[in-house]
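Attaching a single structure in structure tokens format; questions to follow.
Per-chain residue numbering starts at 1, and chain names A, B, C, D and E are given in the order in which the chains are listed.
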Amino acid sequence: MGTKIIFYIVAGLMILFSILSVSTTRVIRAAVYLLFVMMLMGGIYFLFGYNFLAGVQLTVYSGGIAVLIVIAVLLVHNIDHRMEKIPLIEYLWKGSVLLGGSILTIFTINQFPFKRIAGTEDVSVSKIGTQLLSLGEGGFILPFEVISILLLAVMVAAIIIAKGEVTKNEEK
Amino acid sequence: MDILSLLVVIPVITVLVLFFINDNQMVRIISALGIGIETILTLFIAKGFMAERAAGNSSEFLFTRDTVWFESLNIHYFVGIDGIALAMLLLTAIVLLAGIFISWNIEDLTKEFYVSLIILGTGVFGFFISLDLFTMFLFYEVAVIPMYLLIGIWGTGPKEYAAMKLTLMLMGASAVLLVSILGIYYYSGMTFNMQEIAQMEMPIHAQRFFFPLAFVGFGVLGALFPFHTWSPDGHASAPTAVSMLHAGVLMKLGTYGAFRVAMYLMPQAANEYSTFFMGLAAIGVIYGAFGAIRQTDLKYINAYSSVSHLGLIFFGMMALNKTAYTGAVLQMISHGLMTAVFFALIGMLYGRTHTRDVRKMGGLLKILPFIAVVYVIIGMASLGLPGLSGFVAEMNIFVGAFQNPDFIHRVFSVLAVSAIVVTAVYILRVVGMMLMGPVKNEAFYKLPKAVWYERVGALLVLLPVIAIGLAPMWLTTLIQESLGHIVEHLAAYGH
Amino acid sequence: MGDFTYTIWIFILPIAAFLITGLFGSKMPAKVSGWIGTASITVALMLALRTAYQYFIQVGFVEGHRPTVFAYKEVWMNFTETLTFDMGILIDPISVMMLVVVTFISFMVHVYSIGYMKGDKGYYRFFAFLSLFSVSMLGLVVATNIFQMYFFWELVGVSSYLLIGFYYDKPSAVAAAKKAFIVTRFADLGFLIGILLLSYHAGTFDFMTLVSEDGPLLAQSAPPVFMGLSIFGVALSLIFIGGAGKSAMFPLHIWLPDAMEGPTPVSALIHAATMVVAGVYLVARLFPAYHGVDGGVVLNLVAWTGAISSLFAAIIAMTQDDIKRVLAFSTMSQIGYMMLSLGVSGMEGHHGLGYMASMFHLFTHAMFKALLFLGAGSVIHAVHSNLMSDMGGLHKHMKITSWTFLIACLAISGIPIFSGFFSKDEILVAAFEHNKVLWAIEYIVAGITAFYMFRIYFGIFWGKRREYHHTPHESPMVMAIPLMILAALTMVVGWAIPFGNYVMPDRMAYHGHIEWSLAIPSVAIGALGIFVAYIFYFKETSLPEKVSSAFGQSYGWAKDKFYFDEIYQFFAHKMMFAGVAAPIAWFDRHVVDGFMNGVGWMTETFSYLLEGWQSGKVRQYGFSFVAGLLVILFAVLYLNGFIDFKG
Amino acid sequence: MIEGITVYDVLAVSTIIFFIGIFGFVTRKNLISLLISTELMLNAVALNFVIFNKFLYPGQIQGYVFSLFLIAVAAAEVALAIAIIISLYRMDNSVDADDMDTLKG
Amino acid sequence: MNNYLLMRDEFVLLGIILLLLVAEIMLIGKNRKAVVGIATGLFIVHTLVGFLPLAEGTMFGGSFRTNHLLHNMKSIMNVGVVILLLQTWTWAREEWSHKGRVTEFYFLIFSTLLGMYYMISSGDFLMFFLGLELASLPVAGLVAYDLMKMRSAEAGVKFILMAGVSSAVSLFGISMIYGISGSLYFSEIAQNFHLSGLGALGLLFFMSGLAFKISLVPFHFWTPDVYEGAPVPVTSYLSVISKAAAVFALAIVLFLIGREFVSVWKPAIYWMAVLTMTVGNLFALRQKNMKRFLAFSSVAQAGFILLGILSYDQMGMTSVVYFSAIYIFSNLATFGVVQVISLKTGREQMDDYNGLYRTNPKLALVMLLGLFSLAGIPPVAGFFGKFFLFMAAAAHGYYWLVIIGVINVTISLYYYLLVVRAMFLRKSDTPIESFQAEIPVKIGLALAVVGILFLGLYSPFYDFILNLTTNI
């Protein structure tokens, strides 16, 4: 019962911060609200007992991504830069379309009779570790390899873009 | 290599050779040589064909060759000819050769011109020998697309517009046609082989859907009213040889295809739609003729006249009997030759006077006797004067059309027949204004007379007109023999 | 029955002449082409006469009838297995007669033209066309098959076109040629449709089958389809329209006067003696059919057309100043006689008198009308004008022409001894026996004819004396001799040839005699006409002006040919050109073409309308992405029944 | 598995966040805001995987691992995106999405 | 037991990528032009090796699967990349090696290609997702490769943001599919994935990610902007290789798990095909920039491919692969010419091409063939490709779709002819000067032309692909 209430509170806060994040006119605040959402989501993972995942969420997402965004915002904006607002009418009609979309989606989800597969609930870190490096069925060694290439490639891409043009003089 | 495929191979080789030649005169000679060989080959085939027939070979198509191409899709390279196709091949060879000669004076991008022209010719030859719908369609498009360059680069007047319009309308039509070909394929047991399809009975609902598509698809190229509007603009802007080839041969692809594909393969639907399309064709006949009356540009006159004459072909086809079919095929050949000469002459006149406006010319009979006399003769052929090919064709169509006592048929037939008067009006108007009367422009007195290649070109096409007009029997026999199968086929469905 | 195969040479020779002079005429001396043409037609004439001799005299009657002989009959083109387009040579009384007439007149005209056309730039061209015409006309008369007739019918038309437009740098000649061709072509449309109707309903084009007793036309009784006519009646009426057009019958006559723009020998040959009677010949050729189908109703049409035309033309002829035009209207009038005569004829024995008279008149008319034209040509050659008002008192300068012209005038006026009397008399008899009204019309026309013929005769050769730039002189002998030959024949053929013995609808011998009770009044009215003309025109008086002003407005109408040209002009230009062709041209440019262009334009406009969609703004892209996806999702869910609005 | 909470409840939450993310993406003008919205969406998706794994298929770890990878990929994406945005900012001195419409039509 | 040879293509490519890194390090301070030769040469070797037959099988418990079809799809893409690399030869040597970014270019290209390999070879959604991202994200770097060009960076931002949204949406779909079937493995999903509303939602959301990559309407908006802004070689790569890979992936995935959802995705694909063809064509009509023009043209082409996917049988699959192969050659021919001209003269507008035939006839002819092939004019290969696609669609009675398709072919012909008009009909006061391209570029263009000319007429090629698709 307690967890239930906590869940509802967390979920409520998450939705609230999400809304704030996309509606505030200050980018820096938006970034901060996003950080809150991520942290709250980490909280939910804790609630589910996925501690490892929650940790990753908090470190990578909240600690990495959100901070990166905040830095980016600071790089390109004054701290109290406000965005121009787009016309209300656009808000309303895009909002209503998306509201309709979300209702449709939730409706569709609710129509589907999910069935729980009985089994152990044990997702231990060690199991994850074993599985991640397993070569066989249910193993994730290959994705692991691919994501390493992905990260490498993205890093290279980010670097060339970030390092800027190398003029001839510099090369010499 | 079978003899019919050579018809496609020779032009291709000619084109390949042309790629390596840069001297303009050499290009002309090689083109003439290549197509000359092609013409001789065609005559050779004609001889062989008649010999085979004389020897009692009564199979529907001769010289057939069937090679599997895309096996899984049952696409074959299947060629063969019957009398009709043979006649069309002869027509093509003659007009193409004449076109090569007529274009002798093209200096700008000569090589490219001849290459495009010969590619066009390749498409046409391929089309007429094809018995497989896929190859037929392929060659059809090959024949159409060089038109864009030919008109666009070497044309006159609003050539870009005309070229674009022509290409788009024709390719749009071929697109419609494609749908119909696919329909035929799937409703006749997955084959493109026309002979096999003809033996099969497509379900009537499929015929009802696909017949108009095929007929109109080809009809656009045949300038079937009201899809003819590419033709006046296209012809007006095209260079001489292209007008010749286009009006003379390419438009026959439309009529031939409508006959060979739409009607031959879907006889039941042809029966059902006959009244509708007959009406359309009859309107086209009279409409084209009236349209020509008020034009002042020679090429427009001829283009509308083509609409009228091609309308007659469709009209003949839709009369659904052997006589009218014979007439329709004859009219294809006759109109092909006539209009080729017309355009050749118009090109010669334009090359000299730099105008195509009949109001600005006059008395040319005195100055350019050769061109003028040929023009008069062809004009007479066009208005159906006995002794020239037009008469033979028209009479067959008319007699055929009157073999149905249905009231509506009669109305359409009378409508179509009345065109002979209107045709006379516009032909004589041009002859009167342009060739006769006083010379309107002093400068015209200095115009050069026709040169050798122009004479060769014009006479090459003129002589068959007279030959057919005087002795039609050999040709009608050739055609009627081949029609036998088609007529039997149609007869099975109540007509 | 004799071998007639040599008749093919009657065609081959002129064809050869045509080809030689046409293709190489410009390369050879002018004279040579004239001689080639003349030589060929001379031989053709000989052969025609030989044919006539062989057919009428040597073969004579077979079982009491003049037989039909096919010298040649080959399938030229087959429409169906049974329906064929034959070419051949049909030998029967009227075709042999026509062979003679055509070759003879053609021969005369050839000879005459050698002189007349001398020095003309288009000399060779003229003879080439003459040869072409001769071939076509001969082909027409010997046609075995109605389609063969149509074939040559058209060729005759085009020869006529070429010859009328011979002076092609003269706009009036060009216009006249065009008019002649188009008007006759219009009539031919009727002819053609008639033939086409026969093709289906009769199933044959063969003349002999069409007119035979047990042929499809006469043996069957077809139900009426149009105004009481059966389908065959309709077809025959349509065919008659073709004949009427070629023969310049009212109201398709308007081309004939204008056709006088051609050289005069051409007028003599084509527009007086041969081509214009083709219509008569056509009706005669199908006469049994005309007579038998629907009880001969169509013949009434023929008769009345003839009567009206002859009266109409005669009235106009009185008022014209151009001698060739007078002769042209006179021709029309005389052909009207022939038509009427056919129209009132029956089949057997005496009832077939009209048919015989018609053919007889055709025969005599060919002689004297050719003579008139050639005479007129001779005058024009001398005076260099067509207008009567430029002429006068030529008798003393041109004796031969004058005398021969007088003979012809007497003949056409129906004065005894001269050929016209005999043939016209038979016509009046036939008309009188059939219908008194028709007879009355023709009777009056006979008087008018005499009047206007002598009006020109006196006006040219007598009347007031003119001053000429060059003193007119008699034509050279090469022109005069044909005149004299024709004059001699005009005097002779009427009484020398027992025409009824040769040409009758039932092909049996008929021995006619002159019906003096009708002949005397007609001679009288002819004489009256001559007398009036004598008073008016022999000496220069003011009488003609007075009389014409007494007629007031109606004289003007007649002089303006009752405005038929204007009516046609209105019809052609205002109705067809402005009312049909121009709207169609407009419609084609703007509606049909406009539609096609409109499709292109719309596509392009649509493309520009959509331009804003690709706004370059990411959030709009994102929205389109998601909204599009949601729409598809919704549609798919709905289609699969996962969303059900009913409950 | 949490007592009293069904999979539907959690899914509703994630869906709502997902759509809020989309809403942000389609209504914001700032490039970084767009990026933030994208992250919201990815977070929601990650939550989905976790929920399914937790509530329905607790015996396996596929959803769980997927979320892990997803987080990594999201990080890479953000890094690259920010690199490009900053590079753009260096040239244009603006990160307004509406200024970024030289390419259009 | 894993047979690592099955991953030969991936390993070799990965090896090349690593070698490039080594080369980059070795060449510090030296002229990096050599990298162009090394990379191109190595890749040609890789392509040739790729032609060697490969066994069929799966690895890593089904995460990775390969069979003849997949293997040859990779080979087709390889050939395309070879042509692209040859065409980019000059560009890389002249343009990028000066700016010190040449190795990275090849590195990124090969990485994305590797991503595509994994994408089409994937046996589960995780691999699929990673392949997709690997194929997308570095491309954003490539798109923004022209650092000093605003347009390039703008295109890069647009691409990565849209890619982010699309992958999020797609992942949402994947999560639903996972939720329904309890597995990420295609083989297991196929057993548990039955028609349901949520399944439909999942599948459609998932498909939208691929639709984004194939640039199907309404997921195509990034395409023209990115194509226009990106450097030409990258545009070429995006429009050809990347698109083909996505098409293959879509077809494969639909065959693997879409069996029971025919009633869901077929209407979706149907209407997307209609929209894609039409919108692509309508927008292409009025483009003046060649890259943008070709972008919309490639959008329209993608619409035609859907006809083959729609028919959902062996014939359809064959025609999809066949058309894609031909499309690669055709588009590479056109982009090759655009690339050469863009590099030499910096001109990319259609009007700049006026009179091209008179100054550079060979380039104009290559372009002509490419355009004709795209337009589906016989006898060049594009005709066969389109014809078979239409045949495949007609086989299932989609005649109205075929009619819409052929109407669109006609519209497309219009704008292809506009280019032809510029090159052949028009004359220009300032034509593109006559110049000679370098030999590798020429070879690249020539290879494309050879493909265009012979792939259609040479029927064994079709039969070969048909054999590959027997087991799907």
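Throughout what follows, a contact is a pair of C-beta atoms (placed from the backbone, for glycine too) under 8 Å apart; a residue touches a chain by one contact, two chains touch by 3 or more.
Since the model is a prediction, treat every value here as computed from it, not as a measurement.
Least step count on the touch graph, chain A to chain B: 2.
When the partners of chain C are compared with those of chain E, the chains appearing in both lists are A, B, D. Of the two chain pairs shown, A-D and C-D, the one joined by more C-beta contacts is A-D.
Between the CA-based centres of chain B and chain C the separation comes to 36 Å, rounded to the whole angstrom.
Taking each chain's centre as the average of its CA atoms, chain D and chain E sit 27 Å apart.
Rounded to whole angstrom, the centroid-to-centroid distance between chain A and chain C, based on C-alpha atoms, equals 100 Å.
For chain C, residues that reach two or more other chains under the stated contact definition are 600, 611, 614, 616, 618, 620, 622-623, 626-627, 633, 637, 642-643.
Chain D has residues 7, 11, 18, 21-22, 25-29, 31, 34-35, 51, 56-57, 60, 62, 65, 69, 73, 76-77, 80, 84-85, 87, 100, 102-105 in contact with two or more other chains. For chain A, residues touching at least two other chains, in rising order: 94, 98, 101, 105, 108-109, 111, 114, 117, 138, 140, 143, 147, 150, 154, 157-158, 161, 164.
Shown are all chain pairs that touch, namely A-C, A-D, A-E, B-C, B-E, C-D, C-E, D-E. For chain D in complex with chain C, the touching residues are 22, 25-29, 31, 34, 97-98, 100-105. Looking at the complex, you find that chain C touches chain B at residues 26, 75-80, 83, 85, 147, 150-152, 154-155, 158, 161, 165, 168-169, 171, 174-175, 177-178, 181-182, 185-186, 188-189, 192-193, 196-197, 199-201, 576-577, 580-582, 584-585, 588, 592-593, 595-597, 600.
Within the complex formed with chain D, the chain A residues making contact are 1, 3-4, 7, 11, 14-15, 18-19, 21-23, 27, 30-31, 34, 37-38, 41, 44-45, 47-50, 53, 56-57, 60-61, 64-66, 68-69, 72-73, 75-77, 83-84, 86, 90-91, 94-95, 98-99, 101-102, 105-106, 109-110, 114-117, 119-121, 123, 127-128, 131-132, 138, 140, 143, 147, 150-151, 154-155, 157-159, 161-162, 164.
Looking at the complex, you find that chain D touches chain E at residues 7, 11, 18, 21-22, 25, 31, 34-35, 38, 41-42, 44-45, 48-49, 51-52, 56-57, 60, 62-63, 65-66, 69-70, 73, 76-77, 80-81, 84-85, 87-88, 91-92, 100, 102-105. Interface residues of chain B, counted against chain E in their complex, comprise 69-73, 75, 134, 138-139, 141-142, 145, 148-149, 152-153, 159-160, 163-164, 167-168, 171-172, 175-176, 178-179, 182-183, 185-186, 209.
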